[in-house]
Amino acid sequence: MQIETETTSDATIINPSGDVDLSVSRELQAAVKKVMEEKPQRVIVNLAGVPYMDSSGVATLVEAMQIARKQETRLVLCGMQDKVRSIFEIARLDKVFTIVDDAGAAASA
Amino acid sequence: MQIETETTSDATIINPSGDVDLSVSRELQAAVKKVMEEKPQRVIVNLAGVPYMDSSGVATLVEAMQIARKQETRLVLCGMQDKVRSIFEIARLDKVFTIVDDAGAAASA
Amino acid sequence: MSEAATSNTTELPPPFESLGQPEMRLELLSQPRYLCGGRSMVESVALRLGFDELNAGQIALAVDEALAIVIRHGYDKATDRRIWMSLWPAEPTTGKEGIHIAIEDEAKQVDPAGIKSRDVSEVRPGGLGVYLIEQIMDAARYEQRDPIGMRLMMTKFAKKNPSNDKH
Amino acid sequence: MSEAATSNTTELPPPFESLGQPEMRLELLSQPRYLCGGRSMVESVALRLGFDELNAGQIALAVDEALAIVIRHGYDKATDRRIWMSLWPAEPTTGKEGIHIAIEDEAKQVDPAGIKSRDVSEVRPGGLGVYLIEQIMDAARYEQRDPIGMRLMMTKFAKKNPSNDKH
């Protein structure tokens, strides 16, 4: 997995690419934590490059949401592929996260 | 695997979809033979829906080429994905077949 | 007693011993880097056994979660232990398109009744693995192996039968 | 003799017995419908072991061809026989990123020297399997198993070393 992070004036965007499973979820966790420490107004996790995610990846994002809420960072997920959306739906987290189609929509969601 | 066949005024187009390996290459072989029996001027095998092919699929197409040559049918392959192109290249068949990008180009190749 | 015999023959997932030699059996080291191999194998075989892409992908997720639970809980993240995954098409035993999957380990034995999915309406990280397995599969059962280790038996059918009861 | 000893330690693929227990081992029925499971597993593991997508896909092709050869030639298309595929990362034995793969059967034994790739400039259907395996893998060797069956050992490295000789 590779994780690229970009910062715009309004948001920090995290772009992981590759399957997110138990073997790499800690890398995502570390990247998210590092971004959150800056206390940005808005963090966008763009999942367009993630064909697969298991519960270890989901746990990382739930953790991110908990940090975000505490420090009033707005956390938005975007670019979800069907298989990844399916795990959020089964775990009933699709209504808990703010999930939008693409990075454009995520900038204002 | 599914195989759809369409006939236009100029050509018969065979559209297989799915991996072509030993478990399904006979279906492709049967579809190709049936089309060849009509002795059409031009047969286009559109591989756009084939993410993977092994040597049993390649053998079926080589056989088709041999039939085509005997009866002066023009055989054109198109829509090859990278992985499928790679087996034709390794087997040095990429120069033996007429291979074009898409069905449009195949109509006049 | 004859009632028990009848319900035994329709038990889901079927008893491990009743299924005979698996059509595929994978042994893997307890390393997270090999999870991808287990789930890809199951996903592509599920497609061949009649599942659509969404359901084949979900079966792969259930398998990934089951293997990850063994690595994290059964083996406490030790990377030198062994896990086995066995596959059978469901058709010969049930008459329906589908798949039976067994995940086996040699870890410490725990009470199967204690392996339960949690209430997911409480949003917190973790604890989703067993829940996902139960949601995705039509039937799942943890049991103790003889003489050591745990086994998870799972069954999923390619298409839900309009009538739930065939009898 | 010391020369032989040296060349033995650098033999490619390494002797099966020298590799120890495989990190993944798949047993499958000799049915074409299970080829997809074997090749998907290898493809995704190869990606994790450092191969790029094109090379991981080609390794999957080599494995598919090797399994298909066992089904067609070793088992004469019988669908009730067993095939084994074993995987090891190449790093521990060679110091380089890559993969060792063994494909084993219980078929009639043939002379390994007779299993050769043909001249592909002669265009005809069939006879490409062994050629593809040899082209794709960095090293491939057929051998007789003890006491029955054949074994194909294969090695491929993720990146070619600029210098071929490390010694």
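Chains: A, B, C and D, in written order; residue numbering restarts at 1 for each.
One rule holds for everything that comes next: a contact is a pair of C-beta atoms (placed from the backbone, for glycine too) under 8 Å apart; a residue touches a chain by one contact, two chains touch by 3 or more.
Every value quoted in this text rests on a predicted model; they were computed, and no experiment measured them.
Note: the chain lying farthest from chain C is B, by mean C-alpha position. Chain A and chain B, compared by their mean Cα positions, are separated by 43 Å.
Chain A and chain C have Cα centroids separated by 29 Å.
Centre-to-centre, using mean CA coordinates, chain B is 40 Å away from chain C.
Counting only residues that touch two or more partner chains, chain B has 23. In chain D, the positions touching at least two other chains are 31, 33, 36, 39, 48. Of all possible chain pairings, those that touch are A-C, B-D, C-D. The touching residues of chain B, counted against chain D in their complex, run 19, 21-23, 52, 54-56, 58-60, 62-63, 65-66, 82-83, 86-87, 90-93, 96. Residues of chain C touching chain D in their complex: 22-29, 31, 33-34, 36-45, 47-48, 87. Within the complex formed with chain B, the residues of chain D that make contact are 31-33, 35-36, 39, 54, 57-58, 60-61, 64-65, 68, 71-72, 120-121, 123-126, 128-129, 131-132, 135-136.
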